[in-house]
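Handing you a structure now.
Letters A, B, C, D, E and F mark the chains in the order given here, with residues in each chain numbered from 1 onward.
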Amino acid sequence: MRISARNQIKGTVVEVTKGATTSHVRVDIGGGQIMTSSITNEAVDELGIKAKSAVVVVVKASDVMIAVN
Amino acid sequence: MRISARNQIKGTVVEVTKGATTSHVRVDIGGGQIMTSSITNEAVDELGIKAKSAVVVVVKASDVMIAVN
Amino acid sequence: MRISARNQIKGTVVEVTKGATTSHVRVDIGGGQIMTSSITNEAVDELGIKAKSAVVVVVKASDVMIAVN
Amino acid sequence: MRISARNQIKGTVVEVTKGATTSHVRVDIGGGQIMTSSITNEAVDELGIKAKSAVVVVVKASDVMIAVN
Amino acid sequence: MRISARNQIKGTVVEVTKGATTSHVRVDIGGGQIMTSSITNEAVDELGIKAKSAVVVVVKASDVMIAVN
Amino acid sequence: MRISARNQIKGTVVEVTKGATTSHVRVDIGGGQIMTSSITNEAVDELGIKAKSAVVVVVKASDVMIAVN
């Protein structure tokens, strides 16, 4: 499956924190950068996401903001 | 200003493509990774975003998905 | 590729309307239902999305609201 | 009230799973399709959403992605 | 229709700027505050949104961030 | 830091409700209006958000819908 989302970044899961219905997944995308994703527990289970999993972080371009210092 | 968004990644603007109301901004975040942002033309003008600008890419954790191959 | 997004609905593209940077894609998901997606022109071109394409509509659960009459 | 969101699909609630602050609502939209929504517990209570409720699933077009196989 | 979105703020449209496929709608919500919405041209036409229209600005809680100075 | 998000509204936190991984923050933006934000517990802790905190509510224009009665 190929998806329209413009941002698809390879990484390795560092940590999965499960809540009551929602999990937070932290992914090392290289270069010292960590990205955090908030997804359903159901998705975590179904895709078998756990520490050290090789994953792709996916973000739609319209959800990306730009800041300047 | 510090913001709640969990994903704040430093990068350098590669290209700004302006549409009628919406611009696409491509940012090199290092490690050969490019992120694409879709924001208003107004924001681009107000923040002075152009090629070679040093910027921070900002994404809320609830907008980040995880895929596996 | 399998993705965490909870909503993945098969359908057939009815119409693609291209703007300056953003396209609107209308997809027939069966049962008389049409879904509308707003994505970049770049994604439309890269995935070869056009009328009659077989596609999957993908939506993250946190972007889905519920209304009652 | 009429809303700008391009996707408004009638369905019937199949299941509501409540977490500590966030609920997951599964809705049968016909044709064998189930959609999943992640909303606040507060919204579930205020709208009286429960199994068998007749509801409308609402999604903004800019939150809809397209995938191809 | 009542919707799950936690943020529903009454206001008056100040300006509608139409692009090729996407419009920007600026709404005065009182107290000197202006909110900006990016929606499809189709929605603007269908709902008859124009300057001086009485409207409700709607935002899902999961799309709201918090910043501190 | 200045950010591209078109909606940046000053307010005062009324209440923080923490869940297992996700918090709901209610902010008084004046004129009798309350906005609700759903963010990670981690962000709440890191920014020290609590009742009576002076904050800025931040929303990207593409996440704002318009409704009419």
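Going forward, a contact is a pair of C-beta atoms (placed from the backbone, for glycine too) under 8 Å apart; a residue touches a chain by one contact, two chains touch by 3 or more.
Note that the structure is predicted; figures quoted are calculated from it, not measured.
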Trace the shortest sequence of touching chains from subunit B to subunit E and report its length in steps.
1
Which chain maximises the distance between its CA centroid and that of subunit B?
D
At the subunit B/subunit C interface, shared numbers over all numbers used: above half (same) or below half (different)?
different
Candidate from B-E, B-F or A-B with the same interface as C-D, over half of contact pairs in common:
A-B
Between subunit D and subunit A, distance of the C-alpha-averaged centres to the nearest whole Å:
23
Chain centre separation (subunit E, subunit F; CA means) in Å:
17
Residues within subunit B bordering two or more other chains
1-6, 19-20, 22, 24, 36-40, 42-43, 47, 49, 56, 58, 60-63, 65-69
Taking the top-of-page definition of touch, could you list the pairs of chains it picks out?
A-B, A-C, A-D, A-F, B-C, B-E, B-F, C-D, C-E, D-E, D-F, E-F
For the subunit F and subunit E complex, residues of the former touching the latter:
3, 5-9, 24-25, 27, 29-31, 33, 35-39, 43, 47-49, 53-69
Quick check: in the complex, which residue numbers of subunit D touch subunit F?
1-5, 19-22, 40, 42, 60, 62
Which part of subunit B faces subunit C closely enough to touch in the complex?
17-20, 22-24, 36, 38, 62-63, 65-69
Give every residue of subunit B touching subunit F within the complex, in rising order.
1-6, 37-40, 42-44, 47, 49, 56, 58, 60-62
